[in-house]
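Both complexes below contain chain A, partnered by chain B and then by chain C.
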Partner chain A sequence: MEPSEVEFLGEKKMVSIVPHFSSGIIHLISGPVGPFRANLPVKVPIWLALNLKQQQKCRILAQDWMDTENLNELIEKEKGEKLFTEMPSDHFMDEAQMLLTAGADDIPDVDNIRTAVKDIWDLRNAKLRSSVIAFVKNQGSTYAKLDHLTAMEINSIRSLLPETLNVMLQIEESGKSSTSTESQQFSSTLDTTHSQNQS
Partner chain B sequence: MSLIQPNQYFSIKDILVTEERVSSEVRQPMPNLGFLCSSSKKEHLDPGSKLDIPVWLASSLSSKHKSIVSCELPRFYKDSYKEILHADACAVELNKWNQYFYELGLILPPIVKDDNQQIPELLLEVFKSRFRLIMDCEQSVFGAHSIQVQLTALEKQLLKQGNQGKMLLINWLNKGVKHIQTSDVVDNLRKRKRMEV
Partner chain C sequence: MDVSNDSNGLDNSAFENGGLNDAEAEFESDEEELTSDKALQVLESAWLNEKFAPELLPHQQLLVECMVQQIKHMEENVQRLTKGDIRINIHTMEICRIRFIISSYLRKRLDKIEEFAVHLLKEDARRSPDEKYMTTAEAQFARDYLTNIEKLFETVALQHMPQRCANFDLDAISMEPNLKKHVFARANKDIPTILISGVHEMEVSFAKGSQHIIQYSAIAHLVKDGSVQLI
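Presenting the complex of A and B:
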């Protein structure tokens, strides 16, 4: 999966906009949107917000969590804990990327928000990296908890980790196969279910 | 990606892996094959003479039922090298030992009879500890050439995959929205025909 595809999924999240026009309810497959009243905030999916913004038909309001104080608190919390902390959104990185780029002139304090989000991203990335290395190194504990990991982060290790585990499984299997063939079949079925979970 | 595909005749990787020579001892007399052993001028190969033969040949000569030769492990799977790996696998330039260290280790056990039970364990341990190298290398996409040259073919392949994902992510972070490509699966689907009215 490419980052742009993860972003595509993130575009389904809702965001508040202030429209410059009035219109009735628009019926979409994902559900009705609107009604739009000029200057009254309304929640729409991000993709629609971006589109309306391009036509200069609305003003984008920042998500509730997009304010520097809140983000700095999150940074402190993330620094303090060994495990991952909960993020305000499953797609915080892509949402920030889209909204802060498109709505740069609408959202106050854009640069600071962007820096804070990037800080969180870097912190969590470093954490993810070290935990992946630890996970591979002592694979005696054969599972990893992915609580509070966001979609973009999971996607960022997908290019390497599943293949690595695959290789390790194959080496392990070949060690067992000399003793019994039955266990090999068992672990190869395990392997397929495992890779399905990964993708 | 799989480490080894058994019985893939045209697999280049398979050919390269089985190039490695193992030293072996002849068990049964081989008439008219004296030329294989360059040190002796005899016409026939007698039992007991030592030969260096490639793995692909060894695998067919040392089958379970009648082993014509008995093979030894290549030196880098032996105890002295094992200790080096136990000490710190990351510091070893594994690719100088053998480009296909892991793959070779996996096909050797049926060929070499003695104390080969520990090879898969050794490989797993080495791979686990060397995984850090791959991660390090992946992290610094531009550079880390010095680490990169130490990796074996398998590790390089993993690194390449990791790098691809990394580059996509970096590009996305820098450039933002890009057009999403249609996946091949969808592309190959034929359009539904419109129902005849």
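Presenting the complex of A and C:
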């Protein structure tokens, strides 16, 4: 999956905006939004917030978790735990990226928030890399639990990990079948071992 | 905008031949109770499942038709709005987003149908009409695809070959999906036992909302009944 598609999914998350216009409830296919009253905060999907912001029809409010103190706590927690900690959103990284870019002039302390988000991403990425390596080396199985990994993180290992496990499983399966027919010295290729196994 | 425009042809072609049979019409009355936002959610999870599953999943023709209908309604409504209305922009954007999902979903299915055409036609021939994985139009597409491939082989190479190797063997180009591929999954509900077979035989359990990487074959049935969402 393309990172932009992960972002596409993340754009469904809700965010508060302060509209500069008034309008009744808008009945979208994905559900109603509004009513909009100028200067009164209202929750809308991120894609809509970005669109309105582009037309300068609203101000974007930071998500509850976009606050340096809160983020620094998350960093400490992430450092202290061996496993992954739960993020405030499963589209943590892409939400931050979209809202902080589009709402740079609306959200206070935007630079510090961005740095903290980046720190969390780096920390988790290092953790992710080392745990993937440990998992692949462990060889016990090709199954793993991935709790608290966010969509972007899962997508970042999608190109490598599943394929690695596919190949490992294939090698192990063919290894198993060839050891059971070790006595048959003339079976040179895997295909022939297979057919002899079956017969 | 681009995405929706070039996909238009695709949407139509996949439905032209898909007349509703009795069983489906009956099913449709259930479908009508679905609210549009719920239908969109179901479509979106079908899209992601189709995207990540190694095999072709049972078709969701009714759901797609329902969504295309919704879009049509919405487009008509938008036409009636006066110029400059803020809603025009918002609705149009949402329509584009949904179009993208639908066309990405249908295109992914066509990719798989091309890849596994022989295998899928064989499998669907064994299934009863309302259990088939491909829609009527998709099955037609698969047959046309094979006919065209055969014709291509024939004109480019086979007719110049000596008689004894000039036969076109469909089974020789038949591919089957590798169901042992690993996928990412999230549990929609508690699932007490999932059996992973093979070299590392083991039993695992999924708690609601938990995420896993696992062989597709172990959870294929759970993806189809909606207990597990591929991510």
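The criterion applied here is as follows: the second predicted complex is superposed on the first by the 176 of 199 C-alpha atoms of A that agree within 3 Å, B and C clash if a C-alpha of one lies under 4 Å from a C-alpha of the other, contacts with A are read in each partner's own complex, and residues count from 1 in each chain.
One rule holds in what follows: a contact is a pair of C-beta atoms (placed from the backbone, for glycine too) under 8 Å apart; a residue touches a chain by one contact, two chains touch by 3 or more.
Because the structure is predicted, anything quoted here is derived from the model rather than measured.
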item	value
Touching partner for A:Ser4 - first (chain B), second (chain C), both, neither	first
Which of chain B and chain C A:Lys137 touches, first, second, both or neither	first
Which superposed partner A:Asn166 touches (first chain B, second chain C, both, neither)	both
Which of chain B and chain C A:Gly80 touches, first, second, both or neither	neither
Contacts of A:Ala151 with chain B and chain C, given as first, second, both or neither	second
Shared contact residues on chain A - chain B and chain C	8, 158, 163, 166, 170, 172
Interfacial residue positions of chain C with respect to chain A in the complex	36-37, 40, 51, 70-71, 74, 86-87, 89-91, 93-95, 97-98, 100, 178, 180-184, 196, 198-200, 202, 204, 210-215, 231
For the chain B and chain A complex, residues of the former touching the latter	1-3, 102, 106, 109-110, 117, 119-121, 123-124, 127-129, 131-132, 134-135, 138-139, 154, 158, 161-166, 168-169, 171-173, 176-180
Chain A residues within the chain C interface of the complex	1, 8, 21, 23, 26, 28-31, 47-48, 51, 55, 57, 140-149, 151, 154, 158, 161-163, 165-166, 169-170, 172-173, 176
Residues of chain A touching chain B in the complex	2-5, 7-8, 97-98, 101, 129, 132-133, 136-137, 139, 155-156, 158-160, 163-164, 166-168, 170-172, 174-175, 178
